[in-house]
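Structures are listed in the sections that come next.
Both of the next two complexes hold chain A, though its partner changes from chain B to chain C.
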Partner chain A sequence: MGITFRKETFRDDFTFKNSPEHIRRFPFPFHEDSYMYAVNIEPHVVGPKGSVLENLIDVDEHYVAEMQDRALVLAEDPLRCQSLPHMTLAGWDLLELLMEQQALGYPEHFTLTRDGDRWRWINRPLGIDDTFTFGDTSTLPYGPMEYITRQSQGDFCILDQRDGNLWMDAGMVTTQADWSLDFDIGMNFFEWHAPVPLAHEKGIFVRALKFLTNIQQGKPARRLNWTMTINPRLDTSPENYHKWGPDRTTVTPENVGDKVHLRVELQSFWRLPRSNGIVFPIRCYLIKMDELVTQPKWARRLHRVLRDLPEELATYKGLTRYRPTLVEWLSKLDDGSATSPGFGPD
Partner chain B sequence: MSTGTTKLDVVVSDVVPVNDLVTRFHFRRRDGELLPTFSGGAHVVVEMRDGDRTRLNPYSLMGSPLDTREYTISVRRVDAGRGGSLFMHSRVHAGLEMVISYPVNLFSLDLRAKKHLMLAGGIGITPFMAQTAQLAGSGGNFELHYTCRTASLGTYADVLQERYGRRIRLYHDDREERIELDRLLTSQPLGTHLYVCGPAGMINWVRARAAELGWPPETVHYEHFAAPQPGLPFDVTLAVSGKTIRVGEQQSLLEAIEAAGVDPPYLCRGGVCGQCETNVISYDGKFIHNDHWLGEEDHRSGCKIMPCVSRFEGKSLVLER
Partner chain C sequence: MAAKTIISRPIYGTLSPQPGKHHLFLADAEGALAIVDMAKTAPLGFFDGAEIVFIPGPDGKHVAVLEALKPAQFHVAPSFASLLPRLKQTLANAHMGLRLYLAGTEGLIGQAMQVALEAGIDHTSMQTEHRGSLARRMQCVHCKGITENVTTQPATCSHCGLLLLVRDHYSRRLAAFQGVCINAEDRSEIPPMEEAFP
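Now for the complex of A and B:
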């Protein structure tokens, strides 16, 4: 049985919703009742059936709608997808990785057939059946990175590794939490993380870079990150701040449950074999408060996390304006009882 | 979290003597599947099971990264070494089942380069075999200067000249041919990157001249695996695991730690990647540092050691392991 892909939007009338099964598989990011930065990196290995980790590259019911939204973003702003000239080989690496993983995890939806460098790729949900020569860009309608990331959920940053650092030299970024590939392209790891508060003082980026530059082929790693978004909007980019920034003033006690979304990024890190680069997929999951609080443990825990979040972090994540309204709304669902350990719902 | 690599179960599919000193080994996966793709300059760590002793030596992959049916390495016999190369030469035969690591690349091409200028000495040719194959397959601009003792010891010189013609220049010690380094380094087009792999003396010479002639450090790349050197036996206390071990004459400190059942992370086993860096808790004696990872200050401080290649002489050494 395949996935039933939802028809929905991430803009204008915002019809995005999670089915009950997808609510339970949501990657809730808090394993305890408080939150602070940590180098929370772990091996990216296959997790329980029915979780977002069932496959290393997750495809879910929002796939088709997300790809349509990406196409709209790119039509308005082609600079969301950029690849510096030396990154084409890494683009082929990424194409191979995503085709292999999607075909492995979802054979009813994707098929990859290889005969030497003659490859055939069938993507049934998007109605694609292409035959091309691996390594020959002229046989694809786009460059290899753009081609495959128009068919893969999540943003993708490809990092070149040289001089003991990582460089943001290619990417497809249309579902981002307020950062811009066009601004960051060509920057190194410390440069593009410069705006993050508190973490530099803790030496987190030095340790994280050391870890990332040692990521080995066949041993990907992952971490979760989170923020909040008003309305289920995937494209919360600086370029479109004028469209989504004002949404943050529209939260009222009456509409919290429908408007406010927890936005979780499942970030993974993979060594690319031919280019020796690193690809950094940033997969965005959205859940509205009404959906999240159907799991009482999550409602209690999110209340405590947001209530006690340090002010700098709340500011950095852009929560300042509506945090009091949200915390007040969630407090009614927190009876003060203990929460069980771990991320999952009870 | 361990930062070691995943292992591959392989079988030796061929053993080919190349010349008096060098033998080539071919590996295929035991399950018949393709091996992982790799990038030019990558190495694998080969596990050699020799009775109750296990040696782990890194060797550059020298086949084309475009062909993953098999991996090939070339091993130069070192009669005065610790026995790894002798084991490969005398005990490894076609059909033998072995375990190797996933490929790791610590000597990667900089794909921004407008031109890749490569300097190889002796067995240092092996990573360039893969890098030239990778670049030739994608129309890359490279030039390789290769010094060897004699024509008969010029491992793969004939293959390279046949493949790449005038892009390969050979220099034979017995004919007193020398790389004209200054001329080379002062006549390259803008955007050239320099790569050197060979004996330590050659690497130091090339790096020093390049620096003196104004090459930016980020354009100079080198592969500098130090083989662990044999030495006097010494005793070590591993404070975290509560063990006292003896490091044998032919054993590295890392191998002795592993033999005691403690597994520090490692990647290169040649003193360059930094993975096995170990804190010293106390010592009475002197360190013999052979690594290229720690700075001079760390070497002088007596606070750190790289157990893959460095040794110790003296009364006592306590490590945080």
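Now for the complex of A and C:
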């Protein structure tokens, strides 16, 4: 049967919505009633049918609209996609990974056929049917990383591994939660995470780097991260902060349910076979409060998490201005009863 | 130096004579004095294989003390931009084992390091010493324009005019600190401007 792709926007009139099935599969990021940083990394293995983990590279009803939004961002600012000269091979690694995974998970939408280095890629939702020579950049309309990430949901960072560190040396970043690829490209793991509060002191990044540099081929890992976004806007880049920042002043008790979105990143980490790089897809899921609170457990838990969030984290995540309004709105949906363990809805 | 700092913020050391035959020094303004101080501990004949390139500050001082070190080559440049072609050629023709010493303002150290990185020199192998002004070179994350010699917090982007928070987050590739609009959410909030990097 396949996915019915929604026609929707992530800007201007903001028509983005989740269908009821997509609300149920939303990757709610809190397994308990409070939140603090942890090295919450686990093996990226296939999860239950109907969940976002049913396939290791998830394609959902927002696919076509997200790819259209990415094209708009890139037309305006091509620097959202950059690859340092030594990263082309890693780009081919990524192209292979994403074509294989998308064709495997969604054969009705994507087909990859290979005859030696001669590859044919059919992407039906986007109307693409290209034949090219694997490893020969001149046979594709873009570099390999840009070509395939214009056809894959989520941001992608490709990290080069050398000197016992990981270096942010290539990426396609158009749906970021407020960090700039153009500024951070070429930085090592500690440098690009430098602005994150609290986590350095807790030794989080030292342990995370140790884990990541040891990731083996065929054994990807994952973690969830989260923030909040006003309006279902994918492009919350620092480049455009002066354009989307004013949205944060528009939250009122009347429009909380429609305007405020929980933004969850499913981050996964994969060793690339030829380049020995690591690719780090950052898949963004949005859900508006009206949709989220259709699951009473999530409403109660989100209320408690946001109410008790340390001020420093709230500031870093940019929640300060509207947190009181949001917590007050959510409190009416929290009767104080216990929540069941685990992420999923009841 | 700011009391609280972050990992991407560069940390500078004290110049010390490195083993090797070829030494390239780049300094501006009071950076000259870092070279003079280092010279006190340098082995005899050290400057016979050294080139010193110096950009004097507005006061024009410190040219004579550098000349007195009798480096093999001595060059006074009016600005970093004017020096760039010469520096690129020197690095392109350099032998393996060239030692690089950078001293003076953060803007000079950062821009010289940027050119050296492009020439394939690892940043950890460069000797650096900060002297003089704390003024910052800042990239506006919005319009990408570079504003030189930023001394205030917040600072106005000299290109797009937005009022920017000058972060400690630093890019060696751009040789710049990041400036992010400080009142993006509500432009009517104008925080006071303070002299933060004199």
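Throughout what follows, the second predicted complex is superposed on the first by the 346 of 346 C-alpha atoms of A that agree within 3 Å, B and C clash if a C-alpha of one lies under 4 Å from a C-alpha of the other, contacts with A are read in each partner's own complex, and residues count from 1 in each chain.
One rule holds in what follows: a contact is a pair of C-beta atoms (placed from the backbone, for glycine too) under 8 Å apart; a residue touches a chain by one contact, two chains touch by 3 or more.
Just so it is clear, the model here is predicted, and its values are computed rather than measured.
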Let me test your reading of the model: by the given contact rule, A:His86 touches which partner, first (chain B), second (chain C), both or neither?
first
In the overlay, answer first, second, both or neither for which of chain B and chain C A:Gly186 touches.
second
Which of the two partners, first being chain B and second being chain C, lies in contact with A:Pro273: first, second, both, or neither?
first
Going by the contact rule set out at the top, does A:Ala338 touch chain B (first), chain C (second), both, or neither?
neither
Which holds for A:Ala75: it touches chain B only (first), chain C only (second), both, or neither?
neither
Residue by residue on chain A, keep only those touching chain B in one complex and chain C in the other, then list them.
none
Which bits of chain A are touching chain C when the two form their complex?
79, 180, 182-187, 190-195, 200, 238-242, 245-246, 248-249, 321
Residue ranges of chain C in contact with chain A within the complex
6-9, 139, 141-142, 144, 162, 167-169, 171-174, 178, 180-181, 184-187
For chain B, which residues are in contact with chain A within the complex?
1, 3-6, 36-39, 41-42, 65, 102-105, 108-112, 134, 137-138, 218, 267, 273, 275
In their shared complex, at which residues does chain A touch chain B?
41-43, 85-87, 89, 93, 96, 135, 160-163, 211, 214, 216-219, 221, 273-276
